[in-house]
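Each of the two complexes below includes chain A, the first together with chain B, the second together with chain C.
Up next, the complex of A and B:
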């Protein structure tokens, strides 16, 4: 899946219609663009890109659009000997791509391929993730040591989907998340870092998976999150920043996790997101008038699904940004 | 394919490793434009030297070449750091080069972790290199809210114990003068003034934030309070509010300062009332502050509801349901 942006732009004019078939075509065509310069420059995001494209297609109700066998081949070609996955073949294993790999394999019901093809099964993936936990409960992205809450969320997300949570120290991870809380009731990427809606998602998501949302001051956090909605109807990620369609997911799902999604104006939010779509060539941009890309396409659709937009499959706000029908099956029993 | 590396005698001993993407269709379609061909060649040599864990000058310059084409290639940064330490290179020279790369790629994560890895070396940097602050201000001149740079700066403060270094606060004040709405600068100020300093404990966004036994309302509360410092910070926040009453950041900051000192919101009643006079409300945040003050005062609940209703109907109707929730909670408390 390429992450080449464009060709289209968000139309930027009010539009009450979701151009679903155009978005499907847009995602389908992404992989045919290998002759573009940007294809190579986004190599470090390729496995994420497959997850974004695949999940977007599921939300759009077209789950079988990407060939399953080729998807499995590609995902497994990104796996390293240590069990983790890199962004693309030949890249070192890293938490962010390992999480995408797990999400993809769960979505297409192919986790058993890890075992079948002699990759050491899901336990090997789980131990790669578990080995990245630090003594203070936080997680590194890889052996290089970069540490932030994106990796902690990813670890719990992937391990819970694989049902291997007992491989890590969950209470310590929870304590680390607590230390990322700021005076405004929201959370940053590391202790002491400024509150940021994307990091609120990772922190609240981790607490949700750990079953510790009782530690959150929901009214205070809900106030901060709902303040992210600005005049245009869209959400920004921090005070005094521009709105961006992807925050419809980061902010929206965080509000949903603490049962306060109704504190924002859903109609205005949907109207903003719809202005970010290209009605002709498909895809969503970060804001009206900008170039579309698959990342914003996925999170725009996920945001609209949260708002129960007509015709979209239901997304799971809590366990993972994946179709609810799939996580429900995976986590049942 | 004849390329820069395949024709260079220095690289003759290396057999490049091509990309294997597992695609059944055979080789990846080679791009027809020049740049990806160069990139593909360089990364094929990179795979070869990385597989051999080669620590050499030629490998070091190869990493620079790959980074210049694609700084988001995270693998190459790890390898580069290893070589720098293995060959005991001059890290100040590395920082100078890194400065240029950082200014060119403002949204890149890897650059900042690389920098942190370098500065973490006590052998090379036993004390804070003062030029670091100058460079960070150059970065902020490009984007004064750059999240990576601020997170790195927070790390620097803790690593080198810079909370009371005058330069830190000077830079924050310079940035707030330029843009009083810079929430990142406000956050940094809070961490300098009130953040936890005990490096034997895990870092946190407020003192005791990570301690599960501390009540939520006690988080951020200091055990020893310098009242002069508190008064000074409250005055600083008030001046900022007077410049831009609708700016959220100093209002949050003031709440954090009062909490650090264990003082209540009521001491600002006079100040905030100035923004909420009949017929002229200059700040919705002042209205909210008054609502909070009244909500805690017996017999003033109706006043609090009036304030919240104003917010709901006039100033912030987009969050109507939030304000309704606050009003309902007050009604329940009274009933």
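Up next, the complex of A and C:
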């Protein structure tokens, strides 16, 4: 899956229609653009790209568009001996890509391939993740030590999907998240850092998975999150910043997790997101007039699904940004 | 098409443990054309670690000298990359790793000097983009480390200087919430490090309140209201503990809140369409009732009045206001 941006741009004019078939074609064609310079420049996102494209296709109701065997081959080709996954074959293992690998394998029901053809079964993947937990409960992205609430969320997300949560110290992880809470009720990337909607998603998402949403000041956080909607209808990530289509997911799902999604104007949000789509060549951009890319395509569609937009499959707002039908099956019984 | 450079060369050189200056050069070329190629940053760490271990073989002075040179050269290499890609996580992370190596491997004065220069650099970066998320996070990290490396006295003066810095950034742009946020955190450290008395804390609180009242010349700026909300936590019995003045008496809290309500009400004159004013009035009044233990019918009527304005002024969040109405 290439992450080359374009070819088109978000149209930037009001459009009440979702051009679903164009988006399917757009995603399908991403991998045929290997001869573009940007294909190489985005190699560091290849495995994430498969997750974004695959999940977007599921939301669009075309789950079988990508060839399953080839997808499994590619995912397994990114695995390192330590059990973790890199962005592409030959890249070092990192939390961000390991999470995408798990999400993809769960989505296409292929976790057992880890045992058959991978470098050890799911326990091996789980131990790679568990080894990245620090003494204070936070998580590193890889052996070089960067710590960020994104990695903590990723760890709990992947481990819960693999049903291996007991490999890590969940109460300590929860305590770390609490230390990232600010007076405005929202969360930062590390203790002391400014609140940021992307980080709110990771912190609330982790608390949701840990079953500790009771620790959240829901009215205060809900107020902060709802203030992210600006006149254009879109969400920004912090006060006084521009709106961006991907925040329809980061902010929207955070609101959904604390039962406050109705605190914003869903119709205006959907209208903003639809203005970010290219009605001709497919795909979504971060904002109207900009180049489309698969990351914003996925999170725009996930945001629209959250708003129960007509014709889209339901997304799971709580357990993982994946089709609800799949997480329900995976996490049941 | 013209791919500027393939990674294959670097892959094989590192796989063969060729941790030479030649390999480092290749890696530099690769990263200059694509700094998101994160595996190459890891290659770079491996090569540098090898070079450090080689240098450590010589006597102490010579070792410190060569390691300093290696680190300084690498820090220089990163500058143009940070300028061109200020939002690339990997560059910032790599740079921090390098600085941590300086701390680990070099005598204290050399390490301190390197970290001190870093503060000047991040200052420049934040002048170019005053809300860069990485930039602010990075600054906090550099300051924390400098405080750890210095004496208690140096740490205190560092906090004071940062406080001045945040002030300067706010002065340059009142709607820079990143700087306001930093200010909140710095005030706490400043008071804690000075073992400030309750009176000192109260003086600081009074200064902050008059500062924010002056800043409210533009009541439509959301950043200012979030800072105001931070300040109001001082009067919230359930949050005061996390604020600059945790030990105010209930009657003091109440007095402060009533003053705030009066101040904010005056702001309505000429800004009747500013939703933030109504929100703050409601929040402060609820806070007063929290301190008092109950909501008077008079206050309740006031809140309902402001709420009806909000429902008109803030249709995006209409459901939020309706939910709130139900709780009254």
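The definition used in the following text is that the second predicted complex is superposed on the first by the 332 of 333 C-alpha atoms of A that agree within 3 Å, B and C clash if a C-alpha of one lies under 4 Å from a C-alpha of the other, contacts with A are read in each partner's own complex, and residues count from 1 in each chain.
Just so it is clear, a residue touches a chain if its C-beta (ideal position, glycine included) is under 8 Å from a C-beta of that chain, and two chains touch if they have at least 3 such contacts.
Here the structure is a predicted model, which is why all the values come from computation and not from measurement.
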> Here chain A is shared; do chain B and chain C fit on it together or clash?
Replying inline: clash
>> Looking at A:265, would you say it contacts chain B, chain C, both, or neither? Reply first, second, both or neither.
In response: both
>> Let me test your reading of the model: by the given contact rule, A:109 touches which partner, first (chain B), second (chain C), both or neither?
In response: neither
> Where does A:238 make contact in the superposed view: on chain B (first), on chain C (second), on both, or on neither?
Replying inline: both
> Is the number of chain A residues in contact higher for chain B or for chain C?
Replying inline: B
>> A:183 in the overlay: touching chain B, chain C, both, or neither? Say first, second, both or neither.
In response: both
> Is A:196 touching the first partner chain B, the second partner chain C, both, or neither of them?
Replying inline: both
> When the two structures are overlaid on chain A, which partner does A:89 contact: first (chain B), second (chain C), both, or neither?
Replying inline: first
> Residues on chain A in contact with chain B in one complex and with chain C in the other?
Replying inline: 35, 37, 40-41, 43-45, 86-87, 90-92, 94, 142, 144-146, 182-184, 189-190, 192-196, 222-223, 226-227, 229, 233, 238-241, 260, 262-265, 268
> What does chain A use to touch chain C in their complex?
Replying inline: 35-37, 40-45, 86-87, 90-92, 94, 142, 144-146, 182-184, 189-190, 192-196, 222-223, 226-227, 229, 233, 238-241, 260, 262-265, 268
> Which part of chain C faces chain A closely enough to touch in the complex?
Replying inline: 1-4, 7, 11, 34, 36-39, 42, 45, 89, 93, 96-97, 131, 133, 136-137, 140, 175, 177-178, 181-182, 184-185, 221-223, 226, 229-230, 233, 239, 242-243, 315-320, 323
> What does chain B use to touch chain A in their complex?
Replying inline: 17, 19-24, 28-29, 31-33, 35-36, 39-40, 43, 47, 70, 72-75, 77-78, 81, 109, 113, 117, 145, 147, 150-151, 154-155, 158, 181-184, 187-188, 190-191, 195, 202-206, 209-212, 216, 219-220, 247-249, 252-253, 255-256, 259, 318-322, 325
> So in the complex, which bits of chain A are touching chain B?
Replying inline: 34-35, 37, 39-41, 43-45, 70, 73-74, 76-77, 86-92, 94, 136, 142-146, 174-176, 178-184, 187-196, 215, 217, 219, 222-223, 226-227, 229, 231, 233, 238-241, 260, 262-265, 268
